[in-house]
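A, B, C and D are the chain letters, set down in written order, and residue numbers restart from 1 in every chain.
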Amino acid sequence: MFIDLLIMLVMAYGFGFLYYGLYRNISARVHGRFGPSLAQSFYDSIKLFTKDTSTDFGWMFFAGPIIMASGAILTVLFIPYFNHGERLVGLSPYGNLIVVLYFMVLGPLGNALGVGSHGNPFGAMGITRGLTRLLGLEMPFYIAVVGLMIANESADIGTIMANQAETYNIIAHPLLFIAAFISFLGFLGKSPFDVVGAPQEVYSGPAVEFGGKFLALALSQSAIFSFAKLLLMVDLFLGGADSLWDLILKTFVLFVASVFVGNVYGRFTTAQSVDFLLKVPTVIAIVGLLFV
Amino acid sequence: MFNFEITALGNMFFGLTVLVFVSLFFVPNKHRSVTLYSLLFASLACIFYASDLITLFIGWEIMGWSSYFLIAKTADKQTLQKYIVFNIGGAFTLLGAIILIYGACGSFVYSELDFSAVPSGQVTAITILLLLTLFVKSGIMPFHYWVVDSYSQSNDLFSAVLSAIISKTGVFAFILIFFQIITVQYLQTPILEVVAWLGVLTSIIATFKAINEDEAKRLLAYSSIAQVGYIVTILSIMGSLSLEAALYHTVIHTFVKLLLFINVAAIIYVSKQHRFSTLGGLLYKYPLNFILLVVGIISLAGMPPLGGFSSKFLIYTALLEEHKGLLLAAVLFSSASAFLYCYKLVYGIYLGQPTNPKTEAYPRIPLRFYVPQILGAVILITLGTIPGVIVPMFNGILGSVGFEPVLYRGVFVLGSDFASFNGGVVIGAFGLIFVLILLFFVRLKNRSVKPKDRLDISYCGEVPRADVNLHYGYGMGRELSRIGLIKMILSRSSHALWQRVSTLFGDLSGITQKLYTLSAQNMGLVIFAFFTILLYMGVK
Amino acid sequence: MQKGFVAYNNEQKSLEAETEGIKNSQTLIQKAMNWFSARSMFVVAYGTGCGAIEMPPVFTSRYDIERLGVVGVATPRQADIMIVSGYCSLKTLRRVIRTYEQMSEPKYVIALGSCTINGGMYWDSYNTIKKLEEYIGVDMYVAGCMPRPEALIEGFVKLQESIRNNTIQPGYVKYREDYAYYQANQEKLLGKETQPVYEEDYAGMNLS
Amino acid sequence: MSLVYFIAIPILASFLTPFYKNYLRFVSVLVNILLAGFAAFFYSRLPLNEFISLDSPLSIIFILDYVSFFFVSLFIGVMLFFSLYSIKEKNNTAVFVVTNIFTSGALGLILSADIFNIYIFFEIASISAYILTGLNRDKVAYSGAIKYMIVGAVASIFLLLGIMLMYLNLGYLTLSSIGAGFHTMDKGIQYLVLLSLFIGFGIKTEILPLNFWVADIYQATPTKIAALFSAVLSKAYLFVFFHILYTLKVDAPALLFLTAIGLLSFAVAELSALRSKDVKRIFAYSTLGQLGVLFLALSSANVVVVSGALFLILVHSISKLMLFFSLDLVEKKMHSTRVEAFAGFRSAFLFTIFAIGFLSLLGIPPFAGFIAKLTILKGFASMGAYGIVGAILAISLVEATYFFRLLSANQRSKKTAEIKVPLLQKIMLSLLALAILYLGLFPQGLLDFCTDAAQTLIQGVIHV
């Protein structure tokens, strides 16, 4: 059990950074440059963990990133990796999809407390943008997930995966998938929904005062979290994974798709992104929900 | 005239009342009025334990006017006027419904009411009248007009009572009347649909209004409206699970609001400030208060692992079970938006930079303020972790109402056959991970540098002066008003509607008053004219 | 590479001798850590003067310094390296110092252009400083007016090399040790009220 | 013992004034106690008739049945209260001369069972009311009294017209005989008679559209006297009107018309009070409104509703006494009855009294007004008249608006004067408040009596 959890965590960490490196590489190629090495994000993380000093604004600031990381790790542990339900299911028997959806906001909220406590207005602005954007992101995603839960008569991720043995949900409920995918892009924090940490406007936003180990933890959790989201999408719409290769393939495909979208579009403002998310994908999701 | 009966449902609500009142007794209060508080308490007991409609009504009215006099100590005239017009109006619709029920069934006693022979039109009329009453008390749109001002202007302690208990009387009456007396088979489904949507629309709109609010208590008031909106929505599903969800959420919301209002009251007590734009940066001054507030908002936002999540989870599963997808999506939307005002509350008061130069001189918070807060926090944490302590009570109430209990009786497990989760594992895993990361952090060679000055922030290389406002509490949520849909919600208000009604009555009053100043001659003319008209009509 | 473009600061020689011993006594972990911090550099590119115009090509497709693990960040808290790109007026210096103070250690400074070395073409200006190293610790000078992007990249490479091999005494260590000197210089120009806020007592600190 | 004493004693007491000029207030109390004793004596002998002369047309018949006993004891109670309350006012004895006549007029109206005597006592009560209105002896009071007199004269004319028509057609004046023979008359004459009675009594019972004079009169009258008008005079006319109506056994459309008029009257009066700036006027409007409710309730010909209406009459009398007397105290201190003056006084006792009075008038539990309103609404519900229930509740909301506006005005304004209520007044007012609370909590005994009285009223005066 604990070994399983450890493996899940390490896999999430490794794949998260790998995919992040990949993302940077692909973006670089799109821009017409070589880009850093695949392991660059990993190097960054190690370096940040081993910095000599980091500014600490008090215990709440200290706890903020830890809560955020705990939230991300918790999310990963509650999402089963494979659809055969034997290994690497983590804690998913003790939770369900709704719990996971809420874990996904637990970390950010804990982080928000930490960020708020250092008194830098840019941090609070970033958090506000993030929470505002969350409004838009969650609407289509939740509708899609609700549609799946109603269609499967269950809120259990394992059951939803098992029910896709014949047809994947991406084919059975394409509209729901489109809606969920659009907000998934936003959840990954890539363009065009990357207004939260816009360095030019709000000076890195939430991460404005994070240096050294705090930034390291923030980066690591974001890698883990990205993988968790990929995993969730795979579990919900692509029938989960049978084997390790299946897992890598499916997450990779999904990831690459999101990277290309992210590289093509510019950045929406907060209002624009919420407006867009509340109009296009939400309407798609509602139509999809009516078909369920 | 007064008939009482001890019921499981009444016990639950009365238990909440007792806990709230007892814990509030500890809090220092400038406007303590023993007579009015005991009247209020008695009226609540009267409502919760009544066994006939007249007793219920008497309790309802006494509650209404004793609250009025409690609010009147601090609120302004217009607020009072709003309060009384809506609440007396709500009580009168209740009376109307009671009279209708009497006309239909010939009795006031709950156990003697039988709707099997009543025409459905009449049942519908009764339903609508009762719903109006509940809507007014619970502040469902568009009858929420009185709520916010009354909550924010009444004294800090009484706001807690209003939000924690009095708004719940609407919920109680809903359960009592529609689950026990009229029962679902006589109700019209379209009405329930409308109620469900009204509830959820209320919660969405109130949530956005809350986000836009600069005053802590007004924010909490709007949040109260939103939360009760959920309860009404979920109740209108009229199923076993939905009833348990509603009861759970009622309990949670009672303690959340008790905690939050007293928390804010403590801050107002020491700082004399109640706006986010004049508060801020109190985190390290009042750390215990901050932690309690965080417990409160985590529950309010419905985050795992605290109690708020448990009730939200039940709400969602109840809606899922009935396949109310759109309704659930709307609830989720409102619930997701709630994070924003939760964050605004905690940021505006405790985080960010202090806006007030006198912050350092604020006195300590008297210990007595912590009694209700710690009570609330302990209950919220317990309910999130060990739902097993309270689920049997809900199952008992369901049994007494005549429904089949559906919740598991596990100690840590909460849920039904549809979905369940293990609160113990959630909080355990979270705690374990948190502690592990913390240990890892502490073990790192990395040295923490503490900034000496609160203004040592990265601010584009700039050194902000002490008088620059670095607190973002005021502007938080401003961006929302640029989003089309939300702008529409925020820019509209029922104020204009009610204002128009008020003006209309004022104008009518002006006209009729003129009539009463007729001179004797003209009066004589009127009399003869009237006589002539009647005579003419009679002859014809 | 042309050595002349890269100017070490004046204590380079003695430092090299001093750090030779440290280099040899490094454990494997320390070596690895050095390698990682050389491999990953977060840069806050402080565009103080005209040299700033050379930085965009360095970071974008033309020269793509991300290959070397160098990434731009917005805030000093996240940064390892600050580039001071050109002359510093009094007004800018205040911000430069502030930014420098807020970076977490280990932190490095690359001074870009001749103006940071001796004032360059502003050598007799009443309003610009002549030697950046009098006010903050500087690790690497890239001379020239203007230095080409290649020169800047060269600077980065050299800096990475010396970090990896631990061959220099970093500027921030010197800054801590001689803090009184730097502070006096800063105060002379800027006055007391803009003094940086330092929590720790650098004089009594054990340097590793 | 004779019922004539009810009328003779007060009128005698006022005629003999010169003999005890300085002790008039004590005599007045004594007279009222005496009357109360009579009432208590007659309680066990109900119902009873007394024929003083049977020769038509000058027959004199008194009837004391349940309903007239109800009114008689109510009025005696009110007058006793009034005389006790004012027992310390040494320099205003003139008022007692008139109030004694007023008492006998009102009691005579209630007790008379023949239509000519009704007219006589109608005039006695009216004239004493005109005098009472002018008691203040200033311009406003005189102009009010004149206006009252003119309107009252019109009312008398119509009443007389009705009586004349009946007498010419039937040849007798006894109520019971008229009741038996009314339907033998020509339809047109019936209509004309009813119309004249309606106009005559309508003016006096202050019903729309015949009540436009009322607010001015109340404002001109001394505040305590206005309480008497509200608590006694209008109720007496109301009773007599419906006594006659039920005796004449009018048909349903006529009653329905009265119901509609009552409802309209209620609505318009409450609406007018909404923006009124003068508290005394507001109380006047409220009286008009309550009279409208009574009118519509009494015209329902339903035992439950009528019993509720009788209960309401009692409660309303008590509440209005309380309110007008308290307002009198406020007026003495603030020299005005404007809302601003009302907002400015500080006295927890008076505030409580006002609050209880308002709540009771609004029909809010646990005060007696609630029982009255509930009974009326229950009765209407059992008749199936839900529209009226809704209308009454809706209009009550308007009433609540202005009453609570007054309360909040007092509670939230800057206080300018502190009112110290004398002990006697305090006790008297507290007694009234307690009575309201008691009747609200234990209404059953009175309700039973009201039911008996209502049955009697609806039956009408039966031929003996």
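Just so we're on the same page, contacts are C-beta pairs under 8 Å (C-beta built on N, C-alpha and C of every residue); 3 or more make two chains touch, one makes a residue touch a chain.
For clarity, every value in this text was computed on a predicted model and none was experimentally measured.
Q: Top contact pair of chains, counted by C-beta pairs?
A: By contact count, the leading interface is A-B.
Q: Averaging only over C-alpha atoms, locate the centres of chain A and chain C and give their separation in whole Å.
A: One centre to the other, that is 36 Å.
Q: Once you find the CA centre of chain B and the CA centre of chain D, what distance in Å lies between them?
A: Centre separation, chain B to chain D: 46 Å.
Q: From the mean C-alpha coordinate of chain A to that of chain D, what's the distance rounded to whole Å?
A: Chain A and chain D have C-alpha centres separated by 78 Å.
Q: Hey, how far is the Cα centre of chain C from the one of chain D, in Å?
A: 99
Q: Counting only residues that touch at least 2 other chains, which ones in chain C make the list?
A: Counting only residues that touch two or more other chains, chain C contributes 75, 77, 102, 104.
Q: Going by the contact rule already set, what residues in chain A reach two or more other chains?
A: If we look for residues of chain A contacting two or more partner chains, we find 50-55, 203, 208-209, 212.
Q: Touching at least two other chains at once: which residues of chain D meet that condition?
A: none
Q: According to the definition already given, which pairs of chains are in contact?
A: The list of touching pairs comes to A-B, A-C, B-C, B-D.
Q: State the interface residues of chain C toward chain A in the complex, per the touch definition above.
A: 33, 36-37, 39-40, 42, 60-61, 64, 66-69, 71, 73-75, 77-80, 102-106
Q: Considering only the defined contacts, which chain B positions touch chain A in the complex?
A: Interface residues on chain B, with respect to chain A: 281, 283-284, 287, 290, 294, 298, 301-304, 309, 312-313, 316-317, 320, 323, 325-326, 328-329, 332-333, 336-337, 339-340, 342-343, 346-347, 350-353, 418-422, 425-426, 429-430, 433-434, 437-438, 441, 444-451, 454, 457-460, 470-472, 475-477, 479-480, 482-486.
Q: Taking the touch rule as given, give the residues of chain A at its contact with chain B in the complex, in rising order.
A: Against chain B, chain A makes touches at 49-60, 62, 66-67, 69-71, 73-74, 77, 91, 94-99, 102-103, 105-106, 109, 112-113, 116-122, 124-125, 127-129, 131-132, 134-135, 138-139, 142-143, 146-147, 149-150, 153-156, 203, 208-209, 212-213, 217, 270-271, 274-275, 278, 285-286, 289, 292.
Q: Would you pull the chain D residues touching chain B in the complex into a rising list?
A: 146-147, 150-151, 154, 158, 188, 191-192, 195, 198-199, 203, 209-210, 212-216, 268, 271-276, 285, 355, 359, 362, 364-366, 370, 374, 377-378, 380-382, 384, 386, 389-390, 393-394, 396-398, 400-401, 404-405, 407-409, 411-412, 441, 443-444
Q: So in the complex, the part of chain C that touches chain B is made up of which residues?
A: For this pair, the touching residues of chain C are 46, 75-77, 94-96, 98-99, 102, 104, 194, 197-200.
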